[in-house]
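Presented sequentially are two complexes of chain A, the first with chain B as partner and the second with chain C.
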Partner chain A sequence: MANFARSGEMAFLKADKINSEIFSLTYGAMVAQIMKDYEDIEEVNRQLDRMGQNIGSRLIDELFAKTGIPVSSNFMETAEVIAKVGFKMFLGITANVVNPTPQQYSLTFRDNPMVDFVELPDNCANLRYCNLLCGVIRGALEQVQIKVECHFVRDMLRGDETNEIQVRFLEQVRESALDQSFA
Partner chain B sequence: MTIFNFLIFNPSGLCLYFKEFPAATSSKNNPDSWKLMYGLLHGLKGFSQFMAPRPSPSGRYLRCLSTHEYKLHCFETATCVRFVISTDPRTPDLHDQLATIYNTLYVEYVIKNPLYKLGDRIDCELFVTRLDSYLRSLPCFASS
Partner chain C sequence: MNVFVIVGKDDNPIYQAAFISQPKGSTELCHLHQFLIHAALDCTDEQVWTTNSLFLRAVDFFHEMHTSAYVTPGHCRFMMLHDQPKIEDNLKNFFLEAHELYLKVILNPFYEPNTPITSPAFDAKIRALGKKYLS
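The block that comes next holds the complex of A and B.
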């Protein structure tokens, strides 16, 4: 466990960084633009999730390339990697893994550079502002043959005391029938 | 010692990139040979997992396939992208060099290229030129 935290830290130190305010503001501007384009809040959530998925499927390669951590095809092991390496590398924060079981786990975190300066107006109560993160996790795990379902259960923007993303295991995708015959 | 050809396969077996060097006398630049190659790699992966006395902690098994006339060096990423290089049989293991290609060239110039769509054939100019000069700089690359 400790070495995941260390490889996350190392990767974070080596990575190129941008000012976190620029990041928060551009993300905010993007969400605001999507809200204008789609008007429907549920559709906005879906679009954020889809964008995240495309991002995640690329970030995973960078994560493996920069940290050299071994391939983990075990669902429970992915929790620590996402929480301690992924979050640290790409957001500069770490998450905690809560209630890990073979079928699901939760990631909780309090600091989140994405929501600096953000207040949700009343008419956006259903907006999941950081839904992009769910998409990233889903897209990344998809690339290592793990299908998951991922959503926010607690959100500090909506008055909860912490952010919580729940990740639920759906299935392990085999590369093809040939693998199965040898397994 | 020489390099004959270099290939990248995506997880569904599509050849993303193919490069042949002049030393290869019989050309493999056609989709049928790529399919054969992928089929072989796929089968070998299953077989090498099956034969392993204990599970490999890194999740990797296959490193190279050696014959009298050539040697195939393989590297598979966690995302099941396969890098393959075929060389003269006396060439030492190029597993680490393939890992370097993945870490410093594929991720930097292909994955991070916003114009590249995952799963498409690679025609990113930067990647192609950097890869070519990297392969040419390897000690095992010598024009025959």
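The block that comes next holds the complex of A and C.
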């Protein structure tokens, strides 16, 4: 456990950084623009998730390349890697793993640079502002043959005392299935 | 009696709060307050170029009513109508802190600049500031 936290710290120190205000304002502007474009909150959540998935499937390679953590397809082990290395490396925060079971676990965190300055207006109570993160986790795990379902169950923007992302295991994608599709 | 109004750069009111100690003033009085603040906007626009500071002190008088102004670099005007000429220092602090709160509001990606501020959190904080500095 401790060495995940350490590799996360090391990767964070080495990585290039940007000003967190630029980051949160850019993300905010993007969400606001998507809301204007799609007008439907559920669709906005879906789009954020899809964008996240694309990001995640790229980020996981960087994570493994820069930290030297062995690639593992064990669902339970991914929890600590995401919480201590992934979050630290790309967001500068760490999450806590709560209630890990072979079927699901939750990631909780309080600080979140993405939501600086944000206050949700009344008319978008269903918006999952950080749904991008769920997509990132889903996309990343897909690359290591783990299919998961991922969603926010608690959100500080909507008045909860912490952020909680629930990750539920769906299936292990077998390599042989891939081979067959090429046959 | 204090009335605080934020006027956007296109002369549209975007926020208003009245800190009135006595129970609800008549609507007629409210109209007078708005009228006085509206009248003071012209004086503000004249005086804003005479100084480098954002805080303009009292810009207009009408009987015992003073109107003080604070102009943000984006030319958004904070107007305060009051009847206590000796509270200028408090007013300055009030405006400085209100400016900080206003900045937080305009940094919110869901807020369209120059539109009415409807955030209840902003309203609550401004009212707390009013209690702190003006009562």
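One rule holds for everything that comes next: the second predicted complex is superposed on the first by the 176 of 183 C-alpha atoms of A that agree within 3 Å, B and C clash if a C-alpha of one lies under 4 Å from a C-alpha of the other, contacts with A are read in each partner's own complex, and residues count from 1 in each chain.
Just so we're on the same page, a residue touches a chain if its C-beta (ideal position, glycine included) is under 8 Å from a C-beta of that chain, and two chains touch if they have at least 3 such contacts.
It should be emphasised that the depicted structure is a prediction, and the values quoted were computed from it without experimental measurement.
Between chain B and chain C, it is B that contacts the larger number of residues in chain A.
Using the contact criterion defined above for the overlaid structures, shared-chain residue A:I18 touches neither chain B nor chain C, since it reaches no partner. Contacts of A:G28 after superposition on the shared chain: chain C is touched, whereas chain B is not. By the touch criterion defined above, A:L120 reaches chain C but does not reach chain B. When the shared chain is aligned, chain B comes close enough to touch A:E62, but chain C does not. Contact with chain B, but none with chain C, is seen for A:V71 once the two complexes are overlaid on the shared chain.
By the touch rule above, chain A contacts chain B in their complex via residues 57-58, 60-62, 64-66, 70-73, 143-145, 175-176, 178-179, 181-183. Residues 25, 28-29, 31-32, 35, 116-121, 124 of chain A are the ones touching chain C in the complex.
Across the interface of their complex, chain A is touched by residues 104, 107-110, 118-119, 121 of chain C.
Residues 11, 42-43, 45-47, 49-50, 57-60, 77-81, 102-104, 106-107, 111-112, 118 of chain B are the ones that touch chain A when the two sit in their complex.
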